[in-house]
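Written out below as C-alpha cells is the structure these notes cover.
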Amino acid sequence: MHETRHQFREALRDLERQTLGGLELVITQLDRALEAVSCQDVELAAMVVADDDRIDGRYLEVHQGILSLLARQAPVAGDLRVVAALLHIIRSVERMGDQCVNVAKLVPLSGHEQPKDAAILEALEQMGRLARVQVLGARDAFGARSSELAHGLARQDEEINRLNRSIFRRAVEIGDDAELREWAMFMVLVARCLERIGDNTVDIAEQTVFVITGLFRELSDASHPTENVSGR
Amino acid sequence: MTPTTNKEPMEMATAGSGPERDERLDRKPGVAERGTGHSITIRGLSAYYGDQHAVRGLDLDFRAGEVTAIIGPSGCGKSTMIRCLNRMHEEVPGARAEGRVLLDGLDLYAPEVDVTAVRRRIGMVFQKPNPFPTMSVFDNVAAGLRLTGTKGEDLRERVHRALRAVGLWNEVKHRLNRPGVGLSGGQQQRLCIARAIAVEPSVILMDEPCSALDPVATLKVEELIDELKDRYTIVIVTHNMQQAARVSNSTAYMLDGQLVEHAPTAEIFTNPRDHRTERYVTGKFG
Amino acid sequence: MSVTFTLSPVSSRRRRTDRAMWGVLLALTVLALIPLVLIVYYLLRKGLGAWSPSFFTTDPTGSFFGDPGGIRSAILGSLEIVALASIIAVPIGIGVALYLTEYGRGSWFAGSVRYFVDVMTGVPSIVFGLFVYIVLVTSHIGGNFAAWKGAVALALLMLPIVARSAEVALLLVPNGLREAALALGAPRWRMLLRVVLPTAAPGLLTGSLLAVARAMGETAPLLFTVTFALGATANLGQPMNTLPYMVFTDIQSPRAAIVQIAWGAGLTLVALVLILNLLARAIERRSHMA
C-alpha cells in the first residue's frame, strides 16, 4: 500500500539515519583516541582532533535538516517527538565527539615513554570497552525504540561511573610517586571524558523513552530511582 | 421527531458526569466552574439520514468559554454532529436525531422545546459565507435581532457593537446601507459572524468557517475566534489540522460517527493516547 | 534527449468540411428567420397605416359603413381582463411553487402535483375556454358571457406557466440562505417571506411577465367566455372587447378599411407583447448586475 506523506517519511528516516550514523562516527573516534592513549601515539591523536570536523559537519547537517522539516512538514504527535529527540541526540553526538578530542589532546601532554600504572591502565581499558558498548547500545535502543535497551543503558552506565571513581582513588594512592603522579592525573582526566561519554548515552536513552511514552523521565539504575516526571 | 429517553425535561445534568470522561480535560477550571459561560453536554447522540447512521452514540462535552475543535476525515459525522447541536440536522428531509443535548443542563431535544428558541441561543457560521443578498450590511447584522422584536436605538447600538466585535466596523461604517454581498469573501464571513453574535447567543458553532477564504482572511477569522472565546463557547469543525491546533483549547477526533479521543489540543498534537488519533494527525491515515 | 513536437497544420479537407458545416447551419438559420421576418414585415406594412391618434383613442363603431372607429375599447379590455387573470394566477402559481420547493420536497404528492402542472402547460388554450364555458357560462352563474369569466380561463392558462417558472426561480435561491435564516432562529414562514421570496423576486417577476405576455395574445379562451362588446367598459360582469377578438372578427370583413383595423390591432398586440418581453429581460439583467 502506498505510503502517505512519502516525502516526509523519507526525509524523517534520512534524518534518523544521519543522526544514528553520527554515533558510529563517535565510535571510530573513540577507538582511535583510546589507542592513542595506550600507545602514546601522538600522530593518531592529531588525526582524532582533525576528524572531529566530520562530526561537527554531521551536526550541522542534521540541525539544518530538522529546521527544514519543521518548517515544511509541520510534524505532530509521534513524529514531532522523534524530531525533538533527534535534535537532542545529535547534540549528544557532537558532545561525545568533543570528549574524544579532549582525550586525544591529553596524549602528547602526558609525555613519551612514561612509567605507567597497570591498575589504572586496565581500568581505563575496561572503561573504554564499556563506553564503546554504550554508544552502540544507544544507537540500537533508539533505532529499535526499545524501552528495555534504554533502561539497560542507564544501568550499565553505573559501571562506568564506578570505574571512574576507582581510577581517581588509585591516582590518589600512587600520588606519592613523583614519576607516576603527573601521568596519573592525566589519566584521571581521560577517565572523566569517558564518564561524560557514558552520561551522554544515558541522555540518548532518556530521549528514547520520551519518544516511546511521551513522558520525559531522568533515568538512573533501579537501585535509586529518581521520580522526576516533567513534560505533561 | 423521535422522542428522547429523557423523562424529566428540566433535569440538571452536571457537565462531565458521563462515563469514561478523559481526566486530562479537568486540569484547569473551566469558565463554567468560575460561574459564567455556557457548556454543552452530549449524551448518547445518534443521528440518521434515513437509514444511514451518521453519528453513533456520541458522548462529548464542550466546556464553557473554550474553543473545541472537531477533526476527522470526510464522512466521519462531524458536520452532522454539530448540526444536531442547534437542531439544524432535522431540517434535512428524512433526517432525525436521538439522544440528549444539554445546554447548561437543559435538554434541547425535550418534546416541548421550541426549535427556533434553541437556534437563537446557539448561533451558527457556515462554510460558505451567506449574507442575505437583498439586505444591506446593517440589515444583515440586524436580521437576527429583528426576529426577537428589537428595534430603534437598541437595535442600532447592538448592530454597531457586533460589527466592532468582529473588526469590520472601520471597513463598513461608511457603507452600512450598501448590499452585504458587495464585500470581499473574508469580510462577508466576518459579517456572518457579526450577524450570529449580534443576538448574543450562548454558543457559537462554526462549520469549516475558513474553507472558502484566502490565507489572510483565514488568519483574521482565527484571531477573531480567539477574541470571542472569552464571551462565547465555541465549537469549530475543521478539516485543517493546523487550524485546529492554532485555534482550539481542546480537540475531539471523530471517526465513522464515533468519538475516538477528546483531549487538550497540545496533547492531541504531541502525544495522543489512541493510536487511531496518532495515525490521523500524522497523516498515516489512508 | 529532447522530444520534438510538431504542430501539424489543418488539412485543407478539414477546412472545407468546417466551412461546409458552417454554411449549412447558416442556411438553416436564415430559413427559420424568413417567416419571422415576413410576419414582422407584413404586420408593419399592413398595420402601420391604421395607426393614428384616433386609432388609439376611439372605440370601434361596429357599423359596416362609415367610420369604423378605433380600438380603444379593445386595448382597455385586454388590459383589464389580463390584469384580473394575473391577480388570480400569479399569487396562486407562486404559492404552488413555494409548496413544491419548500414543503413538498421528496413527497409523492408534490411529485404528482408537479407532473400535473407540467401537463397543464401543454393543454390547448381552447380547452380552458371550453371548460370555463361549460362550468361558468352554460350554468348561468353571474350572467352569460362576462369579462371575468374570460379572465378565469386566462388565469387557468397562466397558472402552470407561472408555477413552473416560479419553481425554477425559487430553486435558484442558494440553500445556504435558507440555512442561514433558519440558524438565526427564524420560523419557516418568516424565512420564506423575508429571505427566499425577495431573493427570488426578479426571477418570479420575469416568469410572471412572460405568462402575462402569453395571455395577452390568446384568442380561443375568450371566444366562448367574453365574446364581444363595442364600447369601453370597466364592468367585468359583462362582455368586453379584446385585441385578439378584434383581430379575429375584423380580419374577415369584406370592407378593406375594417381589415386594416384588424392589422392595426394585430400590430398593437405584438407591440404590447414585445414591450412586456423587453421589460422582463431588463429586470433579469438588472438583477444579475446587482
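Each chain gets a letter, A, B and C, in the order it is written, and its residues are counted from 1.
Quick note on the criterion: a residue touches a chain if its C-beta (ideal position, glycine included) is under 8 Å from a C-beta of that chain, and two chains touch if they have at least 3 such contacts.
Please read these numbers as outputs of a predicted model, since none were measured by experiment.
Q: According to the touch definition, list the chains common to the neighbour sets of chain A and chain B.
A: Looking at chain B and chain A together, no chain touches each of them.
Q: Report back the single chain whose CA centre is most distant from the CA centre of chain B.
A: A
Q: Mean of the CA atoms for each chain, then the mean for all of them together: which chain is nearest?
A: Chain closest to the assembly's C-alpha mean: B.
Q: Need the CA-centroid distance for the pair chain A / chain B, whole Å please.
A: Once rounded, the distance between the two centres reads 52 Å.
Q: Could you work out how far the Cα centre of chain B sits from that of chain C, in whole Å?
A: Using C-alpha averages as centres, the distance is 48 Å.
Q: Using the average of all C-alpha atoms in each chain as its centre, how far is it in Å between chain A and chain C?
A: Result: the chain centres lie 92 Å from each other.
Q: What residues on chain B touch chain A, complex-wise?
A: 241-242, 245, 268-272, 277-278, 281-286
Q: Mind pulling up the chain A residues that touch chain B in the complex?
A: Touch list, chain A to chain B: 4-5, 8, 74-81, 214.
Q: Using the touch definition up top, name the residues of chain B that touch chain C in the complex.
A: 86, 88, 91, 93-94, 116-120, 123-124, 126, 128, 130-134, 143-144, 147-148, 179, 192, 195-196, 199
Q: Give every residue of chain C touching chain B within the complex, in rising order.
A: By the definition above, chain C touches chain B via 105-106, 174, 176-177, 179-187, 190, 194-195, 198-199, 201, 290.
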